[in-house]
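Next up: the structures, one after another.
After this come two complexes, each holding chain A, first together with chain B and then together with chain C.
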Partner chain A sequence: MINTPIQPKIDPANPFVGRHSRNQTLESFVRWVLRCGTLVIVSVTAAIVLHIAVKGAPVALSREWPFVNVAFLTELPSTLHVIQDNQGHIIETDVNGADAIKMELGANLREEKTISYSGGGILGPIVGTAMLVIVSVGVALFLGVASAIYLSEYASHGTFIEMVRLAILNLAGVPSVVFGLFGLGAFVLTAPVFTNSPLDRAIFTLPLGFTTLSFQGWDTCVLSGGFTLAFVILPVIITASEQCLQAVPLEFRETSMALGATRWQTIWRAVLPFATPGILTSSILGIARAAGETAPIMFTAALAFKDKLPWQKDQISLPADASLFAHWEQNIQRFLAIFTESVQALPYHIYTLAARIPQNEYSERAQYGSVFVFLILVASLAATSIWMRRSLRAKYKW
Partner chain B sequence: MPPSASSPKQLPPVVEFRGVDFRYSTHTVLHNIHLSAERNRVTALIGPSGCGKSTLLRCVNRMNERFVGARVSQGQVFVKGKNIHDTDVDLTQLRKQVGMVFQKSNPFPKSIYDNVAYGLRIHGVTAKDILDDAVERALRSAVLWQELKDRLNQNALRLSGGEQQRLCIARAIATNPDVLLMDEPCSALDPIATLQIEELMQQLARDYTVIFVTHNMQQAVRVSDYTAFLHLGKLIEFGDTEELFSNPKQKLTESYLRGTFS
Partner chain C sequence: MEERLAPLERQSLGCMLLKKKKLNALGFDTQKFIRFFFASNASVTIIVLVLIMLMLLREGAGFLKTYKYELETYRHAGLEFCDIVDRPLAQHQQLTSRLRRALGASLDTISQHARNRRDAYLNMKRQIEEESSLQREALSVALEQTPSAGDKIIEPLRTQLAIAGVKSAMSLTVRSFFSLDEADKIRAELSQLSPETKDIPAFLKQLNDHFSTSDKAAKKSFATLVKATEIFEEAPETLQEILIEIKEHVLQTKTAANEFNTLKSGRLKLLEAAENTQNPVEKADLLKEAAATQAMPVDFHQRIKLVTSRADELAEKVHQYITAIQKAAANLPTRGSPAHAIALLDEVHHELPLHVQEMQTAADEIKTWSPDKPVSFLTVIGAFFFGSNWITNSSWQDSFGFVPLLTGSLIISLIAIVIATPISLMAAIYSNQFASEREKELIKPVIEFIQAIPSIVLGFIGISVLGDLIKDVSEVTWLQWIPGFPIQERLNMFNAGCLLALMAIPTMFSLSEDALNNVPEAYVDASDALGATKLQTVFRVIVPSAFSGMAAAVLLGIGRVIGETMVVLLVAGNRIAIPDFSSGAGVVFQPAHTLTGIIAQELGEVSRGSTHWQALFMVGIVLFCISLIINWCARTFVRRFEQFKA
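On to the complex of A and B.
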């Protein structure tokens, strides 16, 4: 006999009455598992953000106008001196203040504590991170967009190109400390420079007559770190750019070519303008990534401590009549010199504060303050990205 | 059998296929095509889906060659008396003089002005007055000037489907081509917009040589001077439109026109 489906009895009053089958149980079980998973993620994220906000906001913000702790954002990090007198009053000050106060207190001094890096502000790390981000995003955008254009518009689709794509994707999975070592070897120690007096450590020198091209590396500096970071974010930028290019309808290209445009004219006028919003949006996420990486800049650009901003070095002094344009060559040189300085960087500064010095309430304060500022910066980048995507979407829809 | 000799010719053809075979990488889709389109005449290409009408049309401005392995494997295509596969033919110059309008209207998401000026800018025109002039002329030819002259800076995507298609025609004729290729230009339009485009095509024939693909028999009758019927990559019949529709010489043509096609 053939299996006939069992006809359940139908309740005439409610033909849709629920049947408690296994399916229904499974349904609600799965729904709850998924819901819990999401809840865990949301609550952990919220806990992290709250924790940082509670501990960091009092450091970076202030109760009175202008509601931010200006000193924290505009001073360089320094050693914090905490002086306690016999009455139990606690005074926080820097090196210079400490001597005067000790003199004044005389015998009334109970104890003096010094906590490295925890005084002053975090201007140095902010400036350093900004410069690293500018260099890395500039380099990565140029290289990334160029290769994305090549891959999606020029290269014929074959196994070789697929392998290149795969390699790029794999690059995204390389641990960032490996990029750090790569940067150390490639940019700090071997990258070519023009110089009249090559160092002995140069791997290879190429005399050019008026100067020498020496493969002696760029040293630990913004340039080395920026280039290293560029390679960290390249896979993201290439993949995203390629997607954005591919999202531009094929008809735009056909129409343009049918009007007699060359391939580059087509890309420049009928593809790139419509892909740019997306490329920029995704590169902002690249900025957040570059700003947050520690390992790649540890060997290539960042110092734990530096008491000068990159442009505060002794510069080539200009003649007295110096105007901005009269000595443009020197001015350019001075500008470029900024990028050959090592810097402090926010993530590395946080690492130093959290792991390299003895922990106490003062170092913790500096630490959470930095983390809070960092978080705000990254969050505002992400917000910009979302806002940009929205407004540009509306403008370049087809 | 080459049917090109069947139509009366007074003017030298602007576009001429001489025994053309076209193949995509794996298979040949056009076989021994002999066809010519005369100056200031409208030529319609009809035939069942997949018979190679678009391929034939796109041979004239060599747009097929974007695909790997796609090429004319035999015969020659002449445009204005020049073999377009000669090595001294510059593709950009060829395409400047052979305009194309696609099935789906596809203006760039730019202003109306920028759309029409696109071709000229590509060919190096930057002078504002020349551009203004050409844009106005092209829009007038496409019967759009009266409608659009006050909102040239508006985004072209905000136009209606019919206006968009006429804008695409304006864009194609802005570079002043000799030949205008149209691949099912009305298939996405409503009857009224279709009629407008048809009228426009006949007007355009005064200045240009129009070759177009259509699935609409009435349209071919209404608009074209000559009709070519293709089937499975072969040109079955080519001749005066009235003649071909009222008195087809080939059995295949007859059954296709009657709709008793298998």
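On to the complex of A and C.
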């Protein structure tokens, strides 16, 4: 032996540890670089959430029981009046309060500023978003689960299936503002309604005798917005539901078929019961998505400002001798009318607050408050979905 | 054998006999009906995709026709004639502004000090007035209301104001170009400000005088530059006078033509209604109404003759203008001014020949211009896809060219992709190959959470936090080497790009992580067996075989970014112009408008069926096509590489 082996440096604390080779150093360096990239994502997200929480929590929460700012969550948005008197005191109030204070101050009034939409609370937008979500998720779940059943249980290879899959893929990539244009063209301006006096703009009318089916559109309303949103989230729901159906083992179907059940009985009794929890879980993500979209509802459902909730409406009182049927009819019509009104929606409200009014220290309260509440709503939906999926995974193991 | 088969046959026969006929009215059996129900639901996706196309085409396809009509009117009425001269003339303003800046910089060498002192004084005065505004207003109100009596009321107000004045004057920070003595003087003067004294404070007067004398001196010493600038500025005046006259005339033609057109379409509608109605009285009424709207069509030929007859005169004026500016430019001094002023003057010298040449061709063009040249559909398509102006609600001529919007969208997407791609690929490789279980449990929910953050919230963050953050960072002195710093606009493409990067990360991350997951275990085993280290396995085996999936992930990320609306609408700054690329990479700090943003912003405000409305739907069609193309690319990418691998 001419070459004497290089003596490795021995760590006195742990004599068994090997020497770090160059490769190992390189590996740990690369590992750290990659880790830093990941950390950037996590820390930026944390910073955003923290900023919103720090600025928004004081508006939406309160120190005393019940720990939320009830007024902010249960009042409709209104114009904020900021009144300053000659001594430099500043009072923030709403329209009615402003009149009273101005009367009281009299000549002592120095100036009054009005900031649109920034006063009151955000009940209107919350209710509007909830209604849009209910309509859209209802429609999307029906269509989505049915499509997923077809794709997973019935379909064999063929052109039709290829086309459906291609359509789902492309639908998922269509920009949300294009969905807005589609909703405007299809639901606001062309969808069919029953009416006795069709409008000129209807592209097609079908007289039915007692009434006319007129393709004149639903106008901007919850229904239009909800249907538009439904098609935005449809690809998500179909893909997730199909995955859930595929996860049910094939043996379940084979067993059911072997016992003589029909296709439909198999699906209804042996597949769906095990897939439903998963489908519902993933539909929660769909809800979060539907609640967060702004562009599709801008032209189809949303209003910048409305001083009433959808069901607060003047109604004609029926004559005293009106039949039970008339009462029924009126109740049903009132219920339907809720969905044929345009509403405020949280994301659009935030857009209005952030982009449509001049920014100053008084508008910040409403902005951060709405953003905070909105983020909490959406984040809790997403968290529920993630948590439920985990517990489901633990529960159903085949 | 035969005996064995026999019972089978009998059983099937029995089945046939006993089987209930499950046929419904339409001839379907129930199972088929259920199948058909699900299939029709599945076909909804295809129907919706087709409907999207149809709706976009129905509302947008008319654009070519209406825009063609608009362009025809633009030509027939003679607006084009004016623009031939007017367009290149716009360059004059830029040249003038350069000259003015050069002049200002030159004058500053002498008078800057005096001006700064005066401005600083005025600033401090304003500040003090603001701070004691409560007391000041109270006093002036009291003075106005009780002019004769009321010393008792006024006196305490006076003392209050004096106290407030002294207080804020003491806390005043005086800029360094005042000496200590002067600072004391300023404080004393400013603390005595009161609405009762009308005359200007003595020191301010002194500063004013000083400034005006030094300004005069400066103008004297740069007399040639001042003179040349003036001549240059006044050069196009006579030309513009004529141009304005012609413009008024052609605008009248255009308005008359448009009015006639609305009347005509209204009349046609009335006539149609009259034809459809059965009631003779109503019919007569409608016909009468239609007759009332009868109007004379505009005689384009007669009116355009007035315009074309002045072409020679206009060309003559253009030539005069050219000689005037050339003369002025020749008189511009080349030395004696500070360096950046000289640089500006050099720029003017450099750009002048081009401007002169453009004006020359314009002068030739108006002589040969004819209003009867037909407008082809190709011209219209070109005007939309390659037009560099998006002007709406203009009193002159609307134009719908979507290049500025496309550039905005592309630059923003590029920024977002450049930021998001490395980060999300790094995160995907890390969490797939290196991360411990605990880290994975942190990373994945965070990424899912980012996906759930609504875009409007990110847009709001851009407006309220990120904009100011970027602006503050851009003012840090040791970062000035970065092109574009310090930035002017808080809301710009870079800001939007950063936020969109965050939005693209979840898509890119999860898709590329899937791709990494799908690499067969055998590859890794083989690599390990050959003695490769972890790094070699990851970067030579796993990443290359997942490459197609990762590329598709990046492409779909681009799709997500281009289609995003709310963030760009809130944050990108919404300036409809092609960004100025002269500042190199600093272009990213300029505001822009985007394809998605323009739809969201303008669609709510236009009337249905107008050219503007149709133009916005055309933009929608383009967006839709872009998303289809990106999807298609991503699919082919994955397929091709999978074939290659196999």
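A few comments on the model shown:
Going forward, the second predicted complex is superposed on the first by the 349 of 398 C-alpha atoms of A that agree within 3 Å, B and C clash if a C-alpha of one lies under 4 Å from a C-alpha of the other, contacts with A are read in each partner's own complex, and residues count from 1 in each chain.
Here is the rule we use: a contact is a pair of C-beta atoms (placed from the backbone, for glycine too) under 8 Å apart; a residue touches a chain by one contact, two chains touch by 3 or more.
No experiment lies behind these values; they were computed from the predicted model shown.
By the touch criterion defined above, A:262 lies against chain B and chain C together after alignment on the C-alpha atoms of chain A. Contacts of A:156 after superposition on the shared chain: chain B is touched, whereas chain C is not.
The wider contact with chain A, measured as residues touched, comes from C rather than the other of chain B and chain C.
Of the two partner chains placed by the overlay, only chain C lies in contact with A:27; chain B stays clear of it.
When the two structures are aligned on the shared chain, A:206 is found in touch with neither chain B nor chain C.
Once the two complexes are laid over each other on the shared chain, residue contacts for A:254 go to chain B alone; chain C is not touched. Once the two complexes are laid over each other on the shared chain, residue contacts for A:270 go to chain B alone; chain C is not touched.
By the document's definition of touching, of the two partners only chain C reaches A:238; chain B does not.
Looking at the shared chain after the overlay, A:291 reaches chain C, while chain B stays out of its contact range. Annotation: chain A residues 262 touch chain B in one complex and chain C in the other. Chain contact summary for the complex, chain A toward chain B: residues 156, 249, 251-252, 254-262, 265, 269-270, 273-274, 396-398.
Put simply, chain B touches chain A in their complex at residues 61, 63, 66, 68, 91-96, 99-100, 102, 104, 106, 108-110, 118-119, 121-123, 157, 168, 171-172, 175.
On the chain A side of its complex with chain C, the touching residues are 23, 26-27, 30-31, 33-35, 37-38, 40-42, 44-45, 48, 51-52, 86-88, 110, 142-143, 146-147, 149-151, 153-155, 160, 163-164, 167-171, 173-182, 184-186, 189-190, 231, 234-235, 238, 262-264, 285, 288-289, 291-295, 298-299, 347, 350-351, 354-355, 359, 364, 367, 371, 374-375, 378-379, 381-383, 386.
Considering their complex, residues 30-31, 34-35, 37-39, 41-46, 48-49, 51-52, 55-56, 58-59, 134, 137-138, 422-424, 426-427, 429-431, 434-435, 439, 442-443, 445-461, 463-465, 502, 505, 509, 533-535, 556, 559, 562-566, 569-570, 596, 599-600, 603-604, 608, 616-617, 620, 623-624, 627-628, 630-631, 635 of chain C touch chain A.
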